[in-house]
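To start, the structure under review is shown below, and the notes come after it.
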Amino acid sequence: MSTPSAKTNLVVAGLVVLFLALAASFALSPDKAPIRQDPELNKIVTPAPKVATLRISAKQLKASGGDTSGLDCYACHDEKKPPTVKMGPDGSVVFPKEHGDLRLMMANCEACHVGKKLEVEYEKDGAVKMPKAHEDLLTMGHGRNNRNTNCFNCHSPTKLNELVTRDGTRLTFDQAPLLCASCHGPTYRDWEVGMHGRTNGYWDTKQGAAVRQDCNACHDPHGPAIPQIIPLPGPKPVLTHGLRSAATAAEGGGPKAEGGPPKAANQ
Amino acid sequence: MIANPPPESRDSISRRSFLRGSTAAAAGVAAMAAGLAPLRKLGESISVDQFLQQHYKELKPEDMDKVLRRIEGEVERQYGVRPHVRDYKPMNGVEYVYALNLTRCVGCRKCVHACVAENNQSRDPEIQYIQVIKMPNGTFDMEKGDAHYAPESVPEKGFFYMPVQCHQCKNPPCTKVCPVKATWTEPDGITVIDYNWCIGCRYCEAACPYFARRFNFSEPTIPKDKLNLEMSYLGNQPRHKGVMEKCHFCIQRTRVGRYPACLEVCPTGSRKFGNILDPNSEVAHILREKRVFVLKEEVGTLPRFFYYFDV
Amino acid sequence: MITAARNYTRFLSRCFACLFEGDWRYFLWVGLLTAVCAAGLNAYTRQYVYGLATTGMTDQVSWGVYIANFTFLVGVAAAAVMLVIPVYVYHNEDLHDLVIFGELLAVAAILMCLAFVTVDLGRPERFWHLIPGIGKFNFPGSMLSWDVIVLNGYLALNVYICGYLLYCRYRNVKPAKWFYIPFVFIGIGWAVSIHTVTAFLYVGLGGRPFWNSAIVGPRFIASAFTAGPAIIILALQILRRVTTYRVRDKALMTLRSIVQVSMLINLFLLANEVFKEFYTDSLHVASAKYLFFGLHGHSALVPWIWTAIAFNCIAMTLLAMPLTKRSLPWLDVACVLAIVGIWIEKGMGLVIPGFIPSPLGEVVEYLPTWNETLVCLGIWAFGLLAYTFFLRMSVPILNGALNKENE
């Protein structure tokens, strides 16, 4: 019975060699994590968005001790000479470009530009340099088909530091929500009970304060529509064996499709 | 052939073949042992306390205290800063409800990233509890939705945006299926996970009809400077690989009366949260006065997350 | 008492000694399996260290080949009962000894199932959380808890029955009826239950319409009773070739009839499923569309499912023909086709499409990584090794070569 036994010995010897080779390969193999990660995708760590409203209302500006010099109308206007509405050639109301910087100053950059440090730039004459993307702040856009663009629908021409409703009721700038309510009744009703507009702070007012906002904290009365916002990055596409998931493949694949357009990507 | 060995030389042959067999076996065992080589990369191994820790519901206050201190120590060792880890108990007479105004959501995803920052999610890979689905007007067919949209600005014309996160269902399919009761519904309505009890079988992830749950496929990475140090045991304590996690309505905030992080950053005020048992809360108003609906109502999950349109 | 213990220890050590003896084919087979095991162990260790990111699983497709193999193997384990029924219910004595081989296959399959579930866990060291009393066992709420009970119970049942019968044969003692017949009959019901409980893991999920159907349970049983006996047919022929054990052709033919009928039922149930999905044409058919035809441009599984159906149909045709009765090689072909077809259908054709599209409508496809595949191969090798060892011990006992007489 020597031949089968010799065969077995050979097989066993071969196996021992195989096992030792395996053991060596295990012990010597690199400790690199065999994880499917795409270094491109994981470069971006989005900064946390700040709890900021889209704008600062006049009330907030005063309360926070900010520069309210722009709200002093008679610093430039003559009390005896009420301003007039300028009309453009096509019959639309022209927003006074001198007031453009005020609108920009009331905007909260970090509400939309997450993580970016933005500085307002100024022209040589001290006027604010309006960024091209925000040139809409130089127009009037209140209401569909610009139905509510006449300045004196809301402003009092004789008392520029007051607002006035359609029926002649005079309101201070701090009472602006009542002016909005005079047309936007249902929204005001919702706002009163907290269904419209964001509330910050505490839902349980026994433990802390609920911070509500005035209309102007989010809506620019001269163009109340919420502006377009640059979206933050979505879920990272899934990698399967180096293949991207369907969604980004459809959009052209790659990190640029996922993290938003390059100029808006948060670095 | 495995035949009977001849009796007279049985012993000698068995001994020889036994030696031969044992050599092969020994070499095989050596290969197996060498196969365990990657374990040397394990880093901080599991401590005895960690391994033997009881389920959340079994921990007496003094045990919980020890656990919280232990977790603080672990985080300090890993990140270099000592956090505050607390165990917040539910408030009496409170049931949380979330309402989401689909007219107002513009799809900016600030909620997604506020949540990531608040709840110490892994950044690499980034785990996001909230997924915002861009839906074309005129349908609620999710297959037509897209969670990976990346236009220059939002909202895009002809679409609406629907954020989805854990709905903290009243009849949750996920808590039903967990084999070790690592996830359950608390008295205030939040479905919580005991991360230190979860065995990582992912049955709950299969059961959830809303794709709300996330699994840690690898050890989470959080940049040290982005760690939120105010932590809770059932909420935003840093998780480890191999366990499930999901939205917990910012339990470390809501149980002390604050709004969740996602709500606080929403620029359009689309998110509403509160105690449904309080008839004066915003959410109580919404459920009374607006036309609310829930996703996949026919599955019978009874979500505590309602969607509605304003205009 | 002590003598009994000493005798039993002697018996066990003799059995263990058997494992080290054999001819070159035995060593080659066992050696190669051990090598694959070692590679699988190494791959699993990597997975344990780095997490399940070493696999191809994602949040969208959170169960993959591990659970697919688990599902298939539970069926194989359940099918051992297909040998038990003819012998104990219908008193078909030709198959008598084969019951042990079937139950040993069940033990090996259950061990593989437990291994597959363990490697799928994110925190396997927390397995003790499942132990009732010490951990928190969600019974009867969670179907997984039912599965833990039935699988371990089935393992215990089969180990006990095989162990008892083999030890009795070793001692040349007639097994006492009350010590094993009741357990055998319990085992018959239990076998059906293990696979039904595994089916119920999937069926009970309302959020996954592809699985949430009453037909899943019956399909599981039908496919299990096709693939299981097919594996046994192949295993018995190998046994014939490498041992002195006599396996009668009659046994193989009985098993063939079982495979034949089960495959017919399996294909009938498949036809039911296909009709319901595609005639209804609701939104719930998305997963079936993905599987059979592709969805939104993704069609990774389409060639697989059609191959599986083709294999199953060819196998059924072959089994229907007298050809497979006359010719064992053709029977083997039919068995291999059936096993592979059902593995694909049950594993990839059931588990993966349930996740595609995701509950929020996203299509993310799944492809196992090399690490994951190595772990699977390692566990399969472990199972085959276990079965080889079981046979290596039990055949001499049944033959009379390993007996108390020649201690």
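Order of writing sets the chain letters: A, B and C. Residues in each chain are counted from 1.
The rule is simple: a contact is a pair of C-beta atoms (placed from the backbone, for glycine too) under 8 Å apart; a residue touches a chain by one contact, two chains touch by 3 or more.
Quantities reported herein were computed from a predicted structural model and do not represent experimental measurements.
Think of the whole protein's Cα atoms as having one middle point; the chain whose own Cα middle lies nearest to it is B.
By count of C-beta pairs in contact, A-B exceeds the other of the chain pairs A-C and A-B. One finds 32 Å separating the Cα centroids of chain B and chain C.
A straight line joining the Cα centres of chain A and chain C is 55 Å long.
Separation between the centroids of chain A and chain B, computed from CA atoms only, is 27 Å. For chain C, the set of residues touching two or more other chains reads 22-23, 27, 31, 34-35, 38-39, 42, 46, 50-51, 53, 58-60, 296, 362.
With touch defined as above, residues shared between interfaces to two or more other chains in chain A number as follows: 8, 12, 15, 19, 22-23, 26, 33, 35, 37, 245, 247. Residue positions of chain B touching 2 or more other chains: 17, 20-21, 24, 28, 31, 34-35, 37-38, 41, 125, 131, 147, 218. By the touch criterion stated above, chain B contacts chain C in their complex at residues 1-4, 14, 17-18, 20-22, 24-25, 28, 31-32, 34-39, 41-42, 46, 51, 55, 58, 125, 131, 133, 141-145, 147, 164, 173, 176-182, 197-203, 205-211, 213-219, 241-244, 296, 299-301. In the complex of the two chains, the chain C residues touching chain B come out as 17, 19-23, 26-27, 30-31, 34-35, 37-39, 41-42, 45-46, 48-53, 55, 57-60, 62-63, 117, 120-127, 129-130, 135-138, 141-145, 148, 201, 204-208, 242-244, 283, 286, 296, 354-355, 357-362, 392, 395-396, 401.
Put simply, chain B touches chain A in their complex at residues 17, 20-21, 23-24, 27-28, 30-31, 33-35, 37-38, 40-41, 91, 106-110, 112-114, 116-118, 123-126, 128, 131-132, 146-155, 218, 223, 226, 254, 256-259, 263-269, 271-275, 280-282, 285-286, 289-290, 310.
Residue ranges on chain C touching chain A, taken from their complex, read 22-24, 27-28, 31-32, 34-35, 38-39, 42, 46, 50-51, 53-54, 56, 58-60, 296-298, 362-367, 369-371.
If you check the complex, the residues on chain A that touch chain B are 8-9, 12, 15-16, 19-20, 22-24, 26-27, 29, 31, 33, 35, 37, 42, 45-54, 111-112, 114, 190, 193-208, 218, 226, 228-237, 245, 247-248, 251, 257-261, 264.
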